[in-house]
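Next up: some structures, all given as structure tokens.
What follows is a pair of complexes built around chain A, which joins chain B in one and chain C in the other.
Let's look at the complex of A and B:
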């Protein structure tokens, strides 16, 4: 609760370019920490697509809304990346096994 | 013999546990009393389960059976598994109040995705329960005057089974046939309605073939004859836009685990104006306005609410992606294989469901061969039987083609690489099976298989 209030207060004034880029990088970094192949790929893809979708936002309030939303997504991703790591299965997804020989 | 097998199995498991030295969560003395279920055998090169050796966890293309829980949904649920454990019906303390608040928020999240009022949403254990309440509950409530139900041959098992139950009680059921595209004929529906028809139940998106029924037109016909209209929208929720006003549905069944939410929770939409009434299946504490007694599972309901809100926000994005992936899958397979048929209408279908039949290939062999791809021949409920799907038979698909169907389910978390791998493996497997097939050889030589007179066995 407190963190989201702080985020809202920070976003009241439009975020600077550095702040936006920092958010983008943090989201991607957190995405890479997901142990699940599909979730990891989704988190990366969704981050990139969302920033691309919003790159031409010029209206001050919509920029800060988008930034605020991104911050809350980052918080969720950070928590869930940890949860996923705690319960990661021993066996990887076949998509992550690249060098393994495939016999058919 | 059986006991010997069990004993040897048990011994093997024991040694495995001893050698792998894995910590078993909260193991108790009870575990030694009965043999634990055989653990999947794990070695560094992969996993062996049910006699199948797989290199890793298969890529998941069975989104119609169930979908993975979205991490954002899990994030909303977890607090209600920890400190916020109150019973939402407790009115005397803060634990109850906060749970109740969360349930009501979830209710409005579900309602807003389907264009309903939160007061019209009842939480249930899933779409099967919602379907049962709708079909049996409505007919039981209005049994004095209404004795007839209309449904289709391609409904989900739980609707068909509820109808069969009603039949045994003396109700009459009309099972409408569908065209070869899987769509219901509106004229046939119109002529099937009788003065004593109490319910029309037609599913929005088919679970096996993914065709979307003309909901608005069906709703209009039902309104014209003043017959309540129930739809099973478990496969439609969050995937196609739903508006209960436009569809004119009186009842609608929804499910949580098809939209990246938790399993074990669903919802039932019940129209208030004009009011539809049902006889409850479960009697008890009068929760959910007496329609579904039993404590509402706060964490699950919160998860379903979060999944609905996400679906509303992500529908457009997901739709675009899933359509592109479906095209990629279809083009990839069609470019390399002949004799591939799409089951059900191509124009009126949800893109995330691609049901294909591969000619001259035996379906079960194909599924067994595709062990690195988690797909199904049809619905999960009937995946244990070797019978061809009743849905495909209702479409008039030939027995041999119905036997070779595979349903590819694409979802929010499916990647391009997965689609490419699925195409590669499917093509490889189909070619391999066709190479072995004498039928395919004959077709290549120009013999029409349908003309062959098979000798009796």
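Let's look at the complex of A and C:
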């Protein structure tokens, strides 16, 4: 009884394909808003790696667990993007400088 | 209101009287074509060739894509063997290239180079 109730609950809360893609897109958009180059690139890389790692999950409970983890990470990232913006340094990171090619 | 009217009167461009000296209307229009929209802010919309070139360069620089297979009609999932996550990544890369914000509904629809080029070319803010 308890396990079937739990299974029904998991089935009810399993995210659809559209929701998963929407979470992926929201995470990437939030990553873009970081002012610091390093954390921005890390957030993008980590999102892509995590979604690839969980790509082939088949049972509903692990899918919904992964989805809930993703949602909480999204909220963390959104708050942190704000905090980073409040204390952003004025100097650009060296990787963001677009230099013209030099002729030696 | 009076100040605004006075300013407008000062700034307003005087209307030129056209000389209809027997030329056809088409010639007149082509002669004055550049003058008609010289004050318009819509004249510098991006050309279709530039859209195609930039879209193809974004798709070619995607690490999982084989650049020799990329053409303006290619489909991301059917021809290039990408999956839906790669699709989202490519649309995000296109957003960054053209400085656009593509809403999720439209972004889900874009799954080939054709659709991407059409959408970006028809977007008024593509830069």
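Side notes on the structure shown:
Here is the rule we use: the second predicted complex is superposed on the first by the 87 of 104 C-alpha atoms of A that agree within 3 Å, B and C clash if a C-alpha of one lies under 4 Å from a C-alpha of the other, contacts with A are read in each partner's own complex, and residues count from 1 in each chain.
The working rule: a contact is a pair of C-beta atoms (placed from the backbone, for glycine too) under 8 Å apart; a residue touches a chain by one contact, two chains touch by 3 or more.
These figures come from a predicted structure and were not determined experimentally.
By the touch criterion defined above, A:24 reaches chain C but does not reach chain B. Of the two partner chains placed around the shared chain by superposition, chain C is the only one that A:51 touches, whereas chain B remains out of contact. Once the two complexes are overlaid on the shared chain, A:88 sits clear of chain B and of chain C alike.
Judged by the touch definition given at the top, the superposed model places A:60 against neither chain B nor chain C. When both complexes are overlaid on chain A, the residue A:41 reaches chain B alone and has no touch with chain C.
Of the two partner chains, chain B is the only one that A:96 touches; chain C does not reach it. Counted by residues of chain A touched, the larger count belongs to B, out of chain B and chain C.
By the touch criterion given at the top, residues 42, 45-47, 54-60, 68, 71-72, 74-75, 78, 317, 372, 412-415, 417-418, 421, 428-429, 432 of chain B touch chain A in their complex. Put simply, chain A touches chain B in their complex at residues 34, 38-39, 41-42, 45-46, 49, 73, 76-77, 79-80, 83-84, 89-97, 100, 102, 104.
Partner chain A is touched in their complex by these residues of chain C: 83-85, 88-89, 92, 96, 104, 107-108. Interface residues of chain A facing chain C in the complex, by the touch rule stated above, are 17-18, 21-22, 24-25, 28-29, 32, 48, 51-52, 55.
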